[in-house]
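Below is one structure, written out as structure tokens; the observations come after it.
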Amino acid sequence: MSVTPETGLVVDREEQARARRLRNERIGRWVLPILVVVLTVYAWDRICVINEIPHYILPRPGLVLETLIKDFPILLSALLVTLQTTLLALAVAVLGGVGLAVLFTQSKFIEMSFYPYAVILQVTPIVSIAPLIFIYVDSKIAGLLICAWIVAFFPILSNTTLGLNSADHNLRDLFKIYGATRWQRLRFLQLPSALPYFLGGLRIAGGLALIGSVVAEYVAGTGGIGSGLAFTILEAGYRLNIPRMFAALLLIAGTGVVIFMALSFLSHMMLRKWHESALKREG
Amino acid sequence: MSLQVRQGDFISLLGPSGCGKSTALRLIAGLIHPTAGRIDWSGGQGAGDLGVVFQEPTLMPWATVAQNVWLPLRLRGKSYGAVKDDVMEALRLVGLEKFLTAYPRELSGGMKMRVSIARALVTRPRLILMDEPFAALDEITRHKLNNDLLQLRAKTGCTVIFVTHSVFESVFLSNRIVVMAARPGRVIRELEVNQPYPRGEEYRTSADYAAHCREASDALHAAMGEAA
Amino acid sequence: LEAVSFGTNWVPQAEHGGYYQAVADGTYEACGLDVTIVPGGPQVNNRALLMAGKVDFHMAGNLLLPFSAVEQGIPIKVVAAHFQKEPQVILTHPGKVGSFEELKTLPKLFIGDNGYQSYYQWMITEFGFTAEQRVPYTFNPAPFIADPESGQQGYVTSEPFAIEREGGFKPDIFVIADAGFNTYATLVETMQDTIDEKPEVVKCFVEGSAIGWANYLYGDPTLANALIQEQNPEMSSEQIAYSIEMMKEFGIVDSGDSLEMGIGAMTDATITSFYDKMVDSGVIDAGLDLSQVYTLDFANTGAALPVKKTLLGE
Amino acid sequence: MSVTPETGLVVDREEQARARRLRNERIGRWVLPILVVVLTVYAWDRICVINEIPHYILPRPGLVLETLIKDFPILLSALLVTLQTTLLALAVAVLGGVGLAVLFTQSKFIEMSFYPYAVILQVTPIVSIAPLIFIYVDSKIAGLLICAWIVAFFPILSNTTLGLNSADHNLRDLFKIYGATRWQRLRFLQLPSALPYFLGGLRIAGGLALIGSVVAEYVAGTGGIGSGLAFTILEAGYRLNIPRMFAALLLIAGTGVVIFMALSFLSHMMLRKWHESALKREG
Amino acid sequence: MSLQVRQGDFISLLGPSGCGKSTALRLIAGLIHPTAGRIDWSGGQGAGDLGVVFQEPTLMPWATVAQNVWLPLRLRGKSYGAVKDDVMEALRLVGLEKFLTAYPRELSGGMKMRVSIARALVTRPRLILMDEPFAALDEITRHKLNNDLLQLRAKTGCTVIFVTHSVFESVFLSNRIVVMAARPGRVIRELEVNQPYPRGEEYRTSADYAAHCREASDALHAAMGEAA
């Protein structure tokens, strides 16, 4: 066995292979997902054609795309309404989830006493308590936000709590020795430790905030002007305008993927310097 | 175990692996509580003005070297700007002034440990607890840091409790050596090293030094023998 | 003007035309009301808002709902019945079954939650339909169109149109009112408090609505339709025209008693008969004090009769 | 400063204080949550009385409890139906979530290509696609399961993926050196590393599986014999039997809390030997 | 850097903290790939039959001591029952036979490192890479393990590449010492230690030993001087 310095010319086969693999990977990273999408769409189309599925049950992708383009003004304004609720709900879920998690890690008592209520909120069917919410909350936007928040906040709470409790014990000892206040320990130790967990929760909550907004629109029944995608789906379904319904569903799906990718990117940017899950590795 | 520590002492803890040296340090640091017995603090020092080096580097992986060293000062409410010079000096002491903005994962094992040492010294504490701080360092760096530590002690008059596996190191550095035996961890021998400070490189070659080393080494053998 | 609100059971549509008409042409305003119509939807519970006092009037689909309210000791009262007949129908693919009774041979019936809780319970006890047959109708007719062996609920004024246009066939229609489900539909309910404290408001709303319906069906519905389409841009003019035509054809709004007593009219006889039927088939318990369910003080004033006369030039 | 051996008699003040604190904690751990529950119920009752909220909007807790006891046979059988769906859905969510997570960590390509579809499933409103599911899935139970699964699997997938990627890099190197196969690395390194994350995801999914079952029952409409809590709520709501509706909601909430506690206990038992978040600490 | 390793060599890498010793080991282990230059394997050994001790203990926190040591054998498909004796023997070698069922977090720093050593030796590999394995151990345990390692090597004829900060250790153990300098990491000196194996405790006190130590120490100083 020998380790020799650079020879300049002798680049052996192994190294070539590695370079090739890297290059393939770089290309595949973009080509493959696109290929899969194309194949999916093609399969969808074939299934519709071969099984003779009528357009009012499962429209062919071309038709959906056509509708998407044709109805884009309607769909876009509905999307914007839903998106607004989603982003607001997500923001409130982050604040509420992290806030509660911090509160809960401050004292076992608080945690034991109030965590059950967070669980109760999580498992309460929105459809059942929405009327109650809309009785006592006058603003429709506030009501929508509350509904979407209830759906989205729990993963953030749960993951952040886990993360805050996962701070390295040696580091905790260090903070104790240096007389860190509760707040300092939180700020400089527990919150950074919780970051990967929190960001994981955030990625779950992103999708839930979207679906929560849609569900909230269903129960709030924002008919008429300023109504979101839920209403579009409902109305299109009722009118058997199934291509439009699928176009709206596609828009929701796309929005979900975009939110997820944005949150993943955020996560990557925040962790890439130090966390195992985000580090680039050779081999 | 019973151990009297006086202001300005430099005490080394010596003993076989797993005999409870780290545990003793944690007791003194107030991190754990004795199941029996007690710790008395006199001189109003408390656990306040303390610097610690754990056996593991214990760095915050999300923070740069500079931020890690800044930590103890930051916890006292000092802004980075205000203590930048202190941080730089502590890092210069351990030879890492060029790695200010590196993250711990980019450092070698010995470099991480040196960051940890810089963090312990940056506050110029009156009591320093160190758990095998120099074990991962080459002999030259180690000697240099030995000297630096003694200089610091001379300047600030701080008390040091120091865990090491090196008999030589313990003799060179401390005025008292406590030899512990394993399971149950207890003190079996206390040696005094009477050589006055400052001690220079020439002390390492003196007969007194060699004699003390032999004495400590014998005590350690005794501790091991008992444990076996 | 007194501000009041009226919660409907669905998104704005021609089946609510009379009320929009009265809003649009100022009929309510003429008797001192500023009416806001709060649309409903499949998961929307406007009835909770009525009970909480957030809306003043609510549209109930049939009499079973008010019966339950009284059974539970809730002071809700029916003050008018703007549909003389339940417009609910069961639709099937053409030629699949010959009679209402034969519907129960279909393996799948798409019935919404409300329908399941009301007339379907009666269909179970009266004809022997089963709970297992029923599949929830999510107000999307596609699954029905896909399965020739299924049936589906619908408003006679609405679903057949959509299905004929998109599904490409004219479904067979079985009117449950004709099968014996002789309830009034599109009832106006309000809290007892409102009746006690503001009878003039109730009177204005009930009579104004009746006049609105007369104008909508027999006069020019343009204003009301514009309002409907403004609040529900998806509502097509063809659909509205179809609905109006069907309401007329089946005498949904104006037939039987209302021809004599005016739109919105109710009679003790009809309500008692329906109640007895429901008790017989076990949908509801006997012993209900029917006087708590409704009042005829407002509905039977015949307010719409002169309007209708004028419009029809009689 | 001195460290002295046990004196047997001299137990100083500090130590007494510590013992007292420990005792208080042990008691408070049970007393406080119960106190909070009692206070919550009392507040609920007072709010009803003071605001004169009629029983058909928000029934007083006593009435709900009475109904719960009176209607217990009905409610229990409904609960059992829902619980069955919930547990099955959770089991399938665990299998599906972990399975997909494992698949996704096997190759970046697979992950990039198929993760979007997982996100799409997460954000698709069940209410809209349930009809489609029930057209092609004949078994009602299978349909219910699919719906509940769609709601519950994502947190497990997301958290487990994160966990699998968070394995210590030094340990990974060790496995590589010892020539571990892909499967061995997964089995002996990545899965154990992912355990805390997975268990966190499981706690989120537990509640979601419950709510997913309820939502699925709504859209699947298991009327008649063998119908679950969703149907009870719906029927009670329709009949304006609001106390029963609340009794059913209470049962769902209680079930959610019990599931959460059971999963937390499971998590604690599996991690207490080694993971930071579950280790007992002094001080 | 260029380094020829022959079958049966015991090579020590010596050098200042952060000079690239660990990185060199990782290169040899095939964990990272040279940006330039290459590694040739001859003798068909490949990276197959390898035992490694990283600078950090790198134990699986969820597994007991016994399970951790079992790992390399487990990865070869051996059931615990089949290799129980091997695991026990490896643990006995490092003096931890009583800690079979302990979890890593219950061990002291030195004990963790010893588990790591036991894990590297349990397969009786033909090539052993060790990164400061004994740094966290007291001198007596260290000497014992030094002797054990040499015995093992005599028995199995394995090749060892060994990173240490102790000049004494490197001279006692190896037949070749490679001294590295920092930034960029490169070999600045190679020393041969001609003393034949087996080497006993008496070698530690021989003149030859002292001479080699001085030589190595000077080389190290030179490396540091250059680096500074």
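Letters are used for the chains, namely A, B, C, D and E, taken in the order the chains are written, and counting of residues starts over at 1 for each.
The working rule: a residue touches a chain if its C-beta (ideal position, glycine included) is under 8 Å from a C-beta of that chain, and two chains touch if they have at least 3 such contacts.
Quick caveat: nothing in here was measured; it's all calculated off a predicted structure.
On a Cα centroid basis, the chain most remote from chain B in this structure is C.
Ranked by the number of C-beta pairs in contact, the top chain pair here is A-D. Centres computed as Cα averages put chain A at a distance of 42 Å from chain C. Rounded to a whole number, the gap between the C-alpha centres of chain B and chain E is 26 angstrom. Here the CA centre of chain B is 47 Å from the CA centre of chain D.
Each of the following residues of chain D touches two or more other chains: 57, 127, 132, 135, 168, 176, 218, 237, 275, 279, 283. Shown for chain C are the residues that touch two or more other chains, namely 45, 48, 52, 138, 140, 142-143, 146. Within chain E, residues 31, 56 each touch two or more of the remaining chains. If you check the complex, the residues on chain C that touch chain A are 11-12, 39-45, 48-49, 52, 54, 138-143, 145-146, 162-163, 165-167, 230-234, 236, 239. Listing the residues of chain E that touch chain D in their complex gives 26, 29-31, 47-48, 50, 52, 54, 56, 58, 60-63, 71-72, 74-75, 103-105. Residue ranges of chain A in contact with chain B, taken from their complex: 168, 170-171, 173-181, 184, 188-189, 192, 195, 273-275, 279. Those residues of chain D that touch chain A in the shared complex are 25, 28-29, 32-33, 35-37, 40, 57-58, 108-109, 112-117, 119-120, 122-125, 127-129, 132, 135, 154-155, 158-159, 162, 165-169, 172, 176, 196-197, 200, 203-204, 207-208, 210-211, 214-215, 218, 230, 233, 237, 245, 249, 252-253, 255-257, 260, 275-277, 279, 281, 283.
Residues of chain A that touch chain C in their complex: 54, 56-57, 74, 127, 130-132, 134-135, 218-221, 223-225, 231, 234-242, 245.
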